[in-house]
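These notes open a run of structures that come right after.
Each of the two complexes below includes chain A, the first together with chain B, the second together with chain C.
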Partner chain A sequence: MGKQPTDKKNWGRSYGEMVWKEFAKSKLSIASLVFIVFLFFLAIFAPFLANDKPFMIKINGQWNYPLFRSLTASDYAVFLAAAFAVFQLLLIRRNKKYIEPSIRGQVLGRQVFVNSLIVVIGTVLFFVMVPRRLDATDYKEMIVSGSAEGAVFAPIPYGYGRTDLKIREQPPSREHWLGTDDVGSDVLCRLIHGSRISLSVGFVAVGLSVLIGVFVGAVLGYFGGKVDFVGMRIVEIFMAIPPLLLMITVVAFFGRGLFLIMMVIGLITWTSNARFVRAEFFKLRQQDFVQSAVSLGLPLRSILFRHMLPNGIAPVLVNATFGIAGAIFYEAALSFLGFGVAPPTPSWGQILSLGVSTSGRFLWWLTLFPGLAIFLTALAYNLVGEGLRDAVDPRLRKAA
Partner chain B sequence: MSENNTLLSIEDLSVHFFTEDGLAKAVEHVSFSIPKGKTFALVGESGCGKSVTALSTLQLIPDPPGKIISGKIIMDGQDLLELSKKQMRSVRGNDIAMIFQEPMTSLNPVFTVGDQIIEAIRLHQKKSPEEAHKLAVEMLSSVGIGDAEKRVYEYPHQMSGGMRQRVMIAMAISCRPQLLIADEPTTALDVTIQAQILDLLDELQQKNNMSILLITHDLGIVAERADEIAVMYASQIVEQGDAKSIFGEPMHPYTKGLLKSVPRLGFEEERLDTVQGNVPNPLHFPSGCKFHPRCPIGCNDEKCKNDEPSLKEVKDGRLAACWYAPGY
Partner chain C sequence: MNGREGIFKYFVLAVLVVIIVLQIASIKRADRLNDKLAEFIEAVENKQFGTAAIKQESEKKAADLPMPARIGDDGDWLVWCLRGEPHTLNTITVASDTYSNYVCLGNVFERLLEYDPDEVKLKPWLAESYEVSEDGLEMVIKLRDDIHFSDGVSITADDVIFTFETIMDPNIDAASLRNYYKNFKQAIKIDERTVKFVFDEVFWKTFEVVGLFEVYPKHIYDYNDPEEFNTRRSDPVGSGPYVFEKWDVAQQIVLKRNENYWGHKPKIKKLVFRIVNNDVAALQSLQSNQIDLLIPSPEQYYDFQSDEEFKKRFHCLKYWNPGVPFFFIGWNQQREFFKDRRVRLAMTHIVDRETIAKLLLKGNAEVVTGPFYPYGRQHNPDIKPWPYDIKKAKQLLDEAGWVDSDGDGIRDKDGVSFKFKFAYSSGRPIYEQIAKLLKDEGEKVGIEVQADPYEWSVFIERLNTRQFDSVTLGFGGTVESDPYQMFHSSQIEGRGNNFIGFNNPEADKLIEIARRELDEDKRYALYHEFERLLHEEQPYTFLFTRPSFRFIDKRFDNIVIHKLGLDEKEWYVPKSKQRYK
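And now, the complex of A and B:
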């Protein structure tokens, strides 16, 4: 037999492929996934979709490219990360064709490691090298006054930090499709840029929460006994903390900041993941294939994370999708209460909080649209979670 | 039996489970030796402590609730119970390997069978992934799986029970252990497959010169395969000796009962006898000889009801624990 079988069919279907096939059976799950991908698209390309600086403009007979010049280090970092995420997905497809299943896991691990490293190094470089250019030029004014021409603007030609008190608190119109807020910023523009905050809060916070939860839950569930008793008391202490109050306290002490909010959400919500993993590991510990893995002399690391975790991770994955929705809610709630990210950084909760203006008027467009965005995103994540739960449930698979 | 012929000896092993319902003495004062290159059968009805004995040798007893209370498990002059966790890990798979009763659940559902064998191989031998892969294919064909080059990529759920048990065997012997513990390896399989699997074990034993600890509730399947037999009842060994003499001249009433329940060729129309009653629960063992409530002699004998017989040599190479065994 050659080193690389040429007929890939005889490799059988991988576990991931089987789960995907089940997941894809539900149209609702797929639609939700498409919606989330669409949101990511909005978040990644936000500067190109909504920007008050034109892609190109002719000033004094010379072409300028203000939009590209105004891109910040974090914009570049987002593009880099997105590009490598797509590249990794393509690599996974390629692996399926050319890499033998027995070493695919190792190869994938190496690829993810190298790619993440490149993204991290690139991000650091961007933050060191890309200068912060403050460009307060009003290009639209230049067009009107005739000092510039041939401008190509983004589809939504408003900046998220641009204020104009003359047009504050205006309902939806032809110019501002979703209206304007209390300082005259375009709401649609702020929603698009705000999606970055909501999506990243969800991912980073839940990532941290899953990481801690899986580790603690695996150890407690596998060892049981005294370890479990002490561990569960610690978990209960964490569960007793009211999340929102702790977040407000932390923000009060350390100041507002997106990073801080993500950390706090992650550090509070891991307990539910730990309990899921612990319950799964209690069941798995007694199962023959785990006993058989131990009887072969496999190291604890392999038993816990290679053999048991893939069989017990399903509830955590499902919980994670609900957790992302929850984290988005938390961020929105904090921002609504005025403890979220500091303006002018846009976030959905912050826009929502402007719905009742200082003059006491109810501004429906400032409530409806960000509310809808939060609601739909949370719903989509929950639906994906449910689809995933059905897809990984082995009992359902047997029946199919 | 001379010392240097012994591969592994268990001395005075007691294992207790501290459960919520009380103390279950699952194994009590069990001693036996497994000779090199031979098959030692541990026989008894379900619940009598066979699996717990087997799991103890690899220290796989779930703790809590289980604990090895006393005893020694000696291999190459070393008490395995005194080894560090790390040393014990290299014994597992390397010196002693185990296959389990339920082939449907003893393979990991999320990996291909090839992956699982390769991991076992690479754990104890320095091999590149490619070499290990080749070896895995060889192992699969050596346990009688046809088209091994293709099947190495299959998932457990794509295989039948018999196939999976073969995979389990391939995995267990991939590191050439000196002792293979087979805990009811064929109980979950069809009768025709049972014989095939047992024949395979025989063949591998010859080839690799390994010892087998064969655990079963079915005396019938050990008849031609075991060299030595220990019969367990209610956490203890009640009779032990070489296979031929036990089948020829059973001494304990329990063994006699078990033998009567073995179907024999040519007597098929005859109704099979079974031992009356049930195995006692370890939480409430009867007084005296634990077998007395089910025993044709002991059920109305004061001595059996009050005093427990210990396992004694009653004849050359024959041990029994019964007041009425000849020579006791």
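And now, the complex of A and C:
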């Protein structure tokens, strides 16, 4: 850096720090954040928490590690991403101590970029290198029959796709803490693995919608005039489409893949982001720093995304938090209606849909637990979003 | 100023009041007119065609009418529950829509011959008699002389020939129906009441096909442009004991009794078909007396058959009849995986059909070994279903050359992993459950199955264009079925029903010989042999069949279970219990 670092004692507080301080004032927001972190913990370590394969098993005097052998490329990718997310958080703590607030944003951006690049490359590598392994050996049977001497199982020793018709539709018991579903799979196990689907749908769909929304909104807001007029009419056309109906139509005709569902949710919900960004850019383009950037002859890309966007992104990030809750709801609704991911991939909405059997019998454990999971997750995201909104926009807070 | 404004206000108010009063009066008047019109129409319908004269004649002939005399009290309605909206009420242009058959068949339209419900043999209905020539290439039908359509016009040979020619018209949307008429050459009118059918080749089902087509009135359905006929979806007119009254789209279809019916009139005055799509909603409307007859799912039947309160209010019927469907998993033999008989056999061994029937369908199902009705003579009772045997499946797969050579737990052969998709139509829980089971069992033998659900119309399209690896489906049964459509190699090409591409010269030969065999015993022997062959080849994994279930309101009486099932035309409701006027 060309600048001489000033004395640490004279460092002011960065924007991030201020927002965090405001956010942390509310206990409810912090509690919600803790809950979301807990959910992420469940989702990341799902294969270790609920798995029908043992961590280790002794067969013929030799220890085997079936659980680790059965981890898939996506498992490894999730671990990698989680590790780098934690690493990034530690970096942010470190930045606070050693890097001057005025350039901290820039440094942070670079760190995030490098880290996500590593995660993306790592994910691709995992998918190329880690083969899909199928292992349906019944290890529990081995213990019972005595062909294995000892084993260490996961806390919930069931697989989410394992079926056993003999124990179908059983209420919670010692063996199955949250009961079993229509083909005898363990509900708790399916809930834990289902958290991965719900969280990833939330993030990918919202990521896509933010990407599209920011791009469209930035262009409309910066240029204004005729571009804005035509563009906003197109945005309004998109807003007029009932999202759930369009989703059902698309999924019905193109098959039921997780990726497709994420794409569709993202492609439908970007309009609100576009409007937020447009409004911010309308405000910003009059300001001196933008005018000077224009007069310096900077390229449009640089003006829009390097100079204006960081100043106008806050409301979008807040909106995205609500968007995640919405996307989780949409996925659950689709699954509930029978248009979600194909079985046996677990999804909360799909478990919920089994709660009323065709004969009208009410299976409470298939309704209560996934319903609670969806409700709490959506609530937590909404509370975090609310906390963030108050922290970002002090005017709103005062008004409230 | 103020005063003037006040007067103006009063004036506006007065005008408004007058308008409202006039409006009410005109509504009342229209209502009265409507009532009168309805009375008038009823009067015309009952008298115009000389009911008295017809009645006299039918009493004279009552002894030799094809249906038994109807007993019990007159009146009341029967409210059915349809699980989906019929696409059309034209039974010729409908492809395979059970719903429109529920509504029209035997109610609005009638056929030349009918199956006797107890003896399961064809007997004359609109026909007085029929005769088949020695070589089986000609069939002469003689019509009764006392039959007429609901509008009083009598049924003649022209109507029969019109119906036949409509079906054969390539511009009429009746492709699936025309499949059965492939060996038909022509229909010749001999006199007003006699028709001769001539065929190209001998086929046992021909006589059933002739007997079982619905006679359409020529003077109503005649067309210049085939589109006219194709798009005529509502307002069916036939000769049956009920006539069409109205169709409220997405709500109900109503038939009322044909007061001019040529035969014995049924006792129930109206048939109402309410459209309820959802399983649970249908059951609830039964319990709240909105419907009288429900076809429950096996699970619903199981749950309520032991409910004493429920049984006090409803007849819970469970009966076998040849119309029951059978379910199967079809293996697409155009795919490398399923070309080998041993692989298909292995797949059958990993499906635990006994347990599915016992636990998933709560014992209300039976494992089948072939496409034939398990209690009919066509089925070979010596064949025992393959057992559930993982070890045997593994052994068969090893023999077929599918072994796990790269240690990833999935079997492979020539560098191709054994991964396939399992297509089914979404929305029916049973298919989804089978998909989950198959995936789990597949993993146990080292095969990766991927569930692939589709919405019904997309699913059918993929089936017809052969875009699937394996598929599960159910087919409805008949008294005696011809496996030609499903298993003959000529039906692989195009959009034929042999969508799994089963091509076996021996099977083809058996099917062809059996088609030409008119002697029942010899034919059944051939079908037994054919079923044995299917059992060895396993082009399908035959899953199970289940009896028919009905929940019927207790107020209905004289409900008899025939060998062919129920006949709601013989039911009645005692006067004291009647619900609708």
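Basically, the second predicted complex is superposed on the first by the 349 of 400 C-alpha atoms of A that agree within 3 Å, B and C clash if a C-alpha of one lies under 4 Å from a C-alpha of the other, contacts with A are read in each partner's own complex, and residues count from 1 in each chain.
Going forward, a residue touches a chain if its C-beta (ideal position, glycine included) is under 8 Å from a C-beta of that chain, and two chains touch if they have at least 3 such contacts.
A quick note: this is a predicted structure, and the numbers were derived from the prediction, not measured.
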Touching partner for A:255 - first (chain B), second (chain C), both, neither: second
Touched partner set for A:162, first chain B, second chain C, both or neither: second
Touching partner for A:207 - first (chain B), second (chain C), both, neither: neither
Partner chain(s) touched by A:299 [first = chain B, second = chain C, both, neither]: first
First (chain B), second (chain C), both or neither touched by A:359: second
Chain B versus chain C as contact partner of A:287, first or second or both or neither: first
Contacts of A:122 with chain B and chain C, given as first, second, both or neither: neither
Doubly contacted residues of chain A, that is, touched by chain B and again by chain C: none
Residue ranges of chain B in contact with chain A within the complex: 55, 58, 60, 62-64, 89-94, 97-102, 105-112, 114-115, 118-120, 123-124, 129-130, 132-134, 136-137, 149-150, 153-155, 158, 168, 171-172, 175
Contact footprint of chain A on chain C as seen in their complex: 279-280, 283-284, 296-297, 299-300, 302-304, 352, 355-356, 359-360, 406, 408-410, 426-427, 429, 432-433, 435-437, 439-440, 443-444, 446, 448, 450-455, 458
Complex contacts: residues of chain A adjacent to chain B: 1, 3, 10-13, 15, 100-103, 106, 224-225, 285-289, 291-299, 302, 306-307, 310-311, 394
Chain C partner contacts - residues on chain A that touch it in the complex: 131-136, 161-163, 165-166, 168, 182-183, 185, 252-253, 255-256, 338-339, 342-344, 356-361
